[in-house]
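One structure, pasted below without further comment.
Labels for the chains are A, B, C, D and E, by order of writing; each one numbers its residues from 1.
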Amino acid sequence: MNIRPSLDQIGVGAGKKARLYRILHQNGLRNGTAIFLPYDHGLEHGPRDFFGNPESGDPRHVIRLALEGGFNGIALQVGLARKFYWDYAGEVPLVLKLNGKTDIASAIDPLSPVNTTVEEAVRLGADAVGYTLYVGSPAQERDFAQYLRVRADAERFGIPLIVWSYPRGAAIDDKGGKDSFYAVDYAARTASELGADLVKVNFPQPDKQSGVPEQYRGEFSSAEAIARVVKSANRTLLLVSGGEHAGDEAMLEKARQSMEAGATGLIFGRNVFQRGHDESLRLVAQLKEILAKYPS
Amino acid sequence: MNIRPSLDQIGVGAGKKARLYRILHQNGLRNGTAIFLPYDHGLEHGPRDFFGNPESGDPRHVIRLALEGGFNGIALQVGLARKFYWDYAGEVPLVLKLNGKTDIASAIDPLSPVNTTVEEAVRLGADAVGYTLYVGSPAQERDFAQYLRVRADAERFGIPLIVWSYPRGAAIDDKGGKDSFYAVDYAARTASELGADLVKVNFPQPDKQSGVPEQYRGEFSSAEAIARVVKSANRTLLLVSGGEHAGDEAMLEKARQSMEAGATGLIFGRNVFQRGHDESLRLVAQLKEILAKYPS
Amino acid sequence: MNIRPSLDQIGVGAGKKARLYRILHQNGLRNGTAIFLPYDHGLEHGPRDFFGNPESGDPRHVIRLALEGGFNGIALQVGLARKFYWDYAGEVPLVLKLNGKTDIASAIDPLSPVNTTVEEAVRLGADAVGYTLYVGSPAQERDFAQYLRVRADAERFGIPLIVWSYPRGAAIDDKGGKDSFYAVDYAARTASELGADLVKVNFPQPDKQSGVPEQYRGEFSSAEAIARVVKSANRTLLLVSGGEHAGDEAMLEKARQSMEAGATGLIFGRNVFQRGHDESLRLVAQLKEILAKYPS
Amino acid sequence: MNIRPSLDQIGVGAGKKARLYRILHQNGLRNGTAIFLPYDHGLEHGPRDFFGNPESGDPRHVIRLALEGGFNGIALQVGLARKFYWDYAGEVPLVLKLNGKTDIASAIDPLSPVNTTVEEAVRLGADAVGYTLYVGSPAQERDFAQYLRVRADAERFGIPLIVWSYPRGAAIDDKGGKDSFYAVDYAARTASELGADLVKVNFPQPDKQSGVPEQYRGEFSSAEAIARVVKSANRTLLLVSGGEHAGDEAMLEKARQSMEAGATGLIFGRNVFQRGHDESLRLVAQLKEILAKYPS
Amino acid sequence: MNIRPSLDQIGVGAGKKARLYRILHQNGLRNGTAIFLPYDHGLEHGPRDFFGNPESGDPRHVIRLALEGGFNGIALQVGLARKFYWDYAGEVPLVLKLNGKTDIASAIDPLSPVNTTVEEAVRLGADAVGYTLYVGSPAQERDFAQYLRVRADAERFGIPLIVWSYPRGAAIDDKGGKDSFYAVDYAARTASELGADLVKVNFPQPDKQSGVPEQYRGEFSSAEAIARVVKSANRTLLLVSGGEHAGDEAMLEKARQSMEAGATGLIFGRNVFQRGHDESLRLVAQLKEILAKYPS
């Protein structure tokens, strides 16, 4: 079992530490773990993600879910934050997602353009900001440029920066795809090398080996893979993404392996809100039972 | 034997001189030579570089190696510097690498985008900054533009600028490749013409002659080649890169020829950390025996 | 005996820590203590301070004294730093004094105007900057205004800020004078409250009680007084000033009591350079014997 | 014979006039003519230009040649200027070349990216700045944009701007090539229209007529051609480039025709430094004999 | 005899060195000494200074005097520089005086307000800038503030800064006056501490002892006094002011003692232009005979 880094060890100043303390020790289980509810699907995928469970299209519903479920934070785009967070300001930590894109056109050089600023996040009372970095994209130059400004502002304002570190682009597709152990491991490390405070990654799939570098062509269990990914992130706190709606037991097992590997927590969206209200809360309770075993 | 330029002769003001004095005369052998440990492979190649020796994936392990081995400096990307350098601040000089890229996608116009600033390097207590220039890349215009800003800031803050001067691009591939005497010689000169304080180059391979200009199509020993490269760098202090993990005797011979030619030192990463702890220190000791013969 | 705060405990980032580590652990006795040589008397008092020992008017002589005596740093105004530090760059840490004034006219509102910037200090390779704050002066508003800019820049560049915290003005004169326990204690606390990293104070004289607040009107030994002053400075490292040329045994006793009280070190100018070369080094050796007893 | 414009007639303010006076009347023959030594080949062509005469790779050798030969100025890139000009500051005028590129990759849209600023030229004590404009390149838009900034700054600082006005690109190749009378004439005029103070052109070859506009398809002697080019430059002082190493008599004849046509002088690099020391000085003496006949 | 510092020893970069080399080695006697002609009396005193020799009110007359006399530079306010320097641009170095004041009202807090910028000096082709600092004035705070900006710009543009270091104010009057050894010595040191490249001082009068600090109350010859002043200026090149029109032999003796003491040269205004043309040149010739004995 990896040791999850404590807030004393991750190179943050007082402001970031205070906000992370609030998120990790004064919300959720208050034990240093976290479960976040991301809710930016309306921009990333459009309302289609809400068709199965129409009330999930209502931001109030989802924010209340975050409150009832005792989430450590909810991630919103600026529009929903401006319209809905006032009502619940301070009741659940806000992660303002700074960039995002529609999935209407597919690009050969994926890039998630910034649509707000860290300053606006501070003004809105956010306790963290989120940035999607497309690792492997040919748009790396523009991506790093806007990321540099975001990171510098996050330092200036003492607000934690969560990087959605997502492998993307044709080269990723050719090298095992975006969920391969190789891709996820590289993405975690890239976020750490570039100064993220927390990193959100997909759960690695070590059997996706077609085209990956030889070091990744071996027998790795998913537990081994996620352990390596956590190590690659080193002092960057790691959050495992739920990804697409999947079977409960598979998801709980991913959560168990992640926490055992030293992850700080989970960030589950569709798996939570694409269910009815009670079923959602039941799943969240099961996830929190797992988190409860990994206090720090 | 070339004469290595002294710190009085290289056109630097008090700030750059103080920092170079610290690096070259108050660390390592304290004799004007240097051996640096670059550790940006997590971004440049991803965690695969750490698979052979898993502890090398842990920045603490590698920083401690730099301390135990008596290196003159360690080169890090901003994320690892922020997370790990505080613990060892001042114990070993920090070279903050200002740009970097993943190797996931291959580009026809290689460029290493900047992800931090010289000001942040100063704030972190770095004693030098590093910039990768891709000599020969079709992206020269953008490369020079971001390099210009970096160089101007390095002047403004009196911090030495080390240029990783790397031949890259299709034209380089057509003209003998990135390790040819032609390419390395041109790269060293380009860094000098553009105002680098130190330049990191690969060791030249004079037998790679396919497509190189006629002046380079002759019988050159590697000792002659590196001597010419050092002359091309003139008052830019020259560091020879270890490159990929190679046989010990070959590496030691490269080191000997480089120092004899007037290089200031070595910058060895994978050859050092892709070994077990004791074997690493043994190699470093051998390299330092060579450096010890070239005091200034 | 007070415990001197370590560099891990004083709320500084990597840059300030690296520079303090250099000053306190890689120069002088390398044991966490410090003795500084301030040499700004040419501006503050004019050349008359050099008449008794004419060679002390030559900055080269004094810088060499700092080197031979193994000082932890020398404090210079920008003009001397620009003209003389290059020759010795990096050999002894430079503290660039950012403000200063002549003593020709006496002011009812003493203020020490800034004549350079923190950025220039960084460019010159300084390891710390110095600022004179006139605690108690009616010019407090303008003093705090320029101090604020200095402190903000020192944070931005990660360079330690040493505050020469000097009680001054008619109100100070009426309340026991600039060396009273009251005045020195208040000055130490003011520097700490305003964010100094180190503070330079005069040694307190608890018998100067005329006009001081009642709390300071009691029987305090000088050892008690300096211990209280160090506590008032809390996590601001404290340096005790030598002041005017005085008898050796008195000075050594001040040094002993200061170190015993938890001071980090001494800052002795006239008591050092207003002697012949050998006599200076003899005194410094005696002072360092005292410092050697207080490693951290 | 054309009349060369005097410094009173070319629309420059006091700063540009003072610096041109210095170059043309206080250096070289002090008669209003000029011979410049350009030395940026290490960037433009790489060290191969120095293989025939290895000492020419040493900037000190070439600067000393400029001093011994009594040149009116030496043109350097910023790196060599920073490292070597201090030693000879003021002894020979410096022309800081502001842009440059390697010749490793060939571009369809040639552009010479800026790597320093006019302000840095002023700081280094340069008496003029140089800018390469690629007349005819598809990159004209970016070229004009960076040229505009350079010219505006040269105005602001009162420093003369020398435009290396070089025809380049596929359209030029299709219309007689870069040395055709057509191309050189257009380049000279373009520099004048765009506000250059001096322009450097190749010597026109009126027999290169394939594809040139009909006006240039006639019987022109080279003397007629260069006279027309000088007229096209009107009040922009014209310097004729030596180009590749060529036969002495041919070069001297080019020089004679140029001066007779009203050129202000010559700018000879490879023809000078690709010879042994004594032979270089002999050639320069011959060129200066020609210049001596054209005082102003 | 003091040794005058050479241009290699005074801590200046290439730009300042090039301009100083021009002033000291390519004008006047070209031997490292200098005689400057200051001509700002029209602002400082008004036209009354020109009544005795009316042609001295015509800037053309005085600039031509500087040319005929072979001065190393002429100091002008911006208006005269703009109106008259173009005609003679580059023929004699221009020192642009950046501040000045009328003497109509007497102030208790003398300050010489800035009326142009270093940038304008560069644009006008000046080789140095001049700034009057009123040492001892109660306006020290505003004086240092504008001086700081001037010095920073002079650094940025590589142009030498000559400080007219003038003791002024009631405190000076009370302590021996503006020409006392004490006042001149302090003024020279202040300029050096504050980073002047050259300093202009009055010749010290050691017999003015009323009210001066005790160190200055002794038997000093004027030769001893000026030697101490030159030492106080250390690496700041020292120019001795002619002051009010005085007897020739007294002036020549001042010049002799100053040069013997290690001064770099003289700055004589009224003593030069308040005479007829031929008499002026005769005096200048005599002064230059003295300078000729002190080459460097």
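As a working rule, a residue touches a chain if its C-beta (ideal position, glycine included) is under 8 Å from a C-beta of that chain, and two chains touch if they have at least 3 such contacts.
Here the structure is a predicted model, which is why all the values come from computation and not from measurement.
Enquirer: Which chains make contact with chain A and with chain D at once?
Expert: Under the touch definition, chain A and chain D have B as mutual neighbours.
Enquirer: Starting at chain C, figure out the least number of steps needed to reach chain D through touching chains.
Expert: 2
Enquirer: Look at all chain centres (mean of CA atoms) and spot the one farthest from the centre of chain A.
Expert: Greatest centre separation from chain A goes to chain E.
Enquirer: Can you give the rotation angle that fits chain B onto its twin chain D by Cα atoms, in degrees and rounded to the nearest 5?
Expert: Value: 70 degrees, nearest 5.
Enquirer: Measuring between Cα centroids, which chain is at the maximum distance from chain C?
Expert: The most distant chain relative to chain C turns out to be D.
Enquirer: Please report how many Å separate the Cα centroid of chain A from that of chain B, as a whole number.
Expert: So the centre of chain A lies 35 Å away from the centre of chain B.
Enquirer: Could you give the separation in Å between the centres of chain A and chain C, each centre being the mean of its C-alpha atoms?
Expert: 49
Enquirer: Using the average of all C-alpha atoms in each chain as its centre, how far is it in Å between chain B and chain C?
Expert: 40
Enquirer: So which bits of chain A are touching at least two other chains?
Expert: 11
Enquirer: Going by the contact rule at the top, pick out the chain B residues touching chain A in the complex.
Expert: Of all residues in chain B, those touching chain A are 40, 42-43, 46-48, 51-52, 54, 57-59, 77-80, 82-84, 86, 100-102, 104-107, 111, 113-117, 120, 142.
Enquirer: Residue numbers of chain B touching chain D in their complex, please.
Expert: 10-11, 135-138, 140-141, 144-145, 147-148, 151-152, 167, 169-172, 175, 182, 185-186, 189-196, 213, 215-216, 228, 231-232, 234-236
Enquirer: Under the definition above, what is the set of chain C residues touching chain B in their complex?
Expert: On the chain C side, the touching residues are 7, 13-22, 25-26, 81-82, 85-86, 89-91, 94, 119, 122-125, 156-158.
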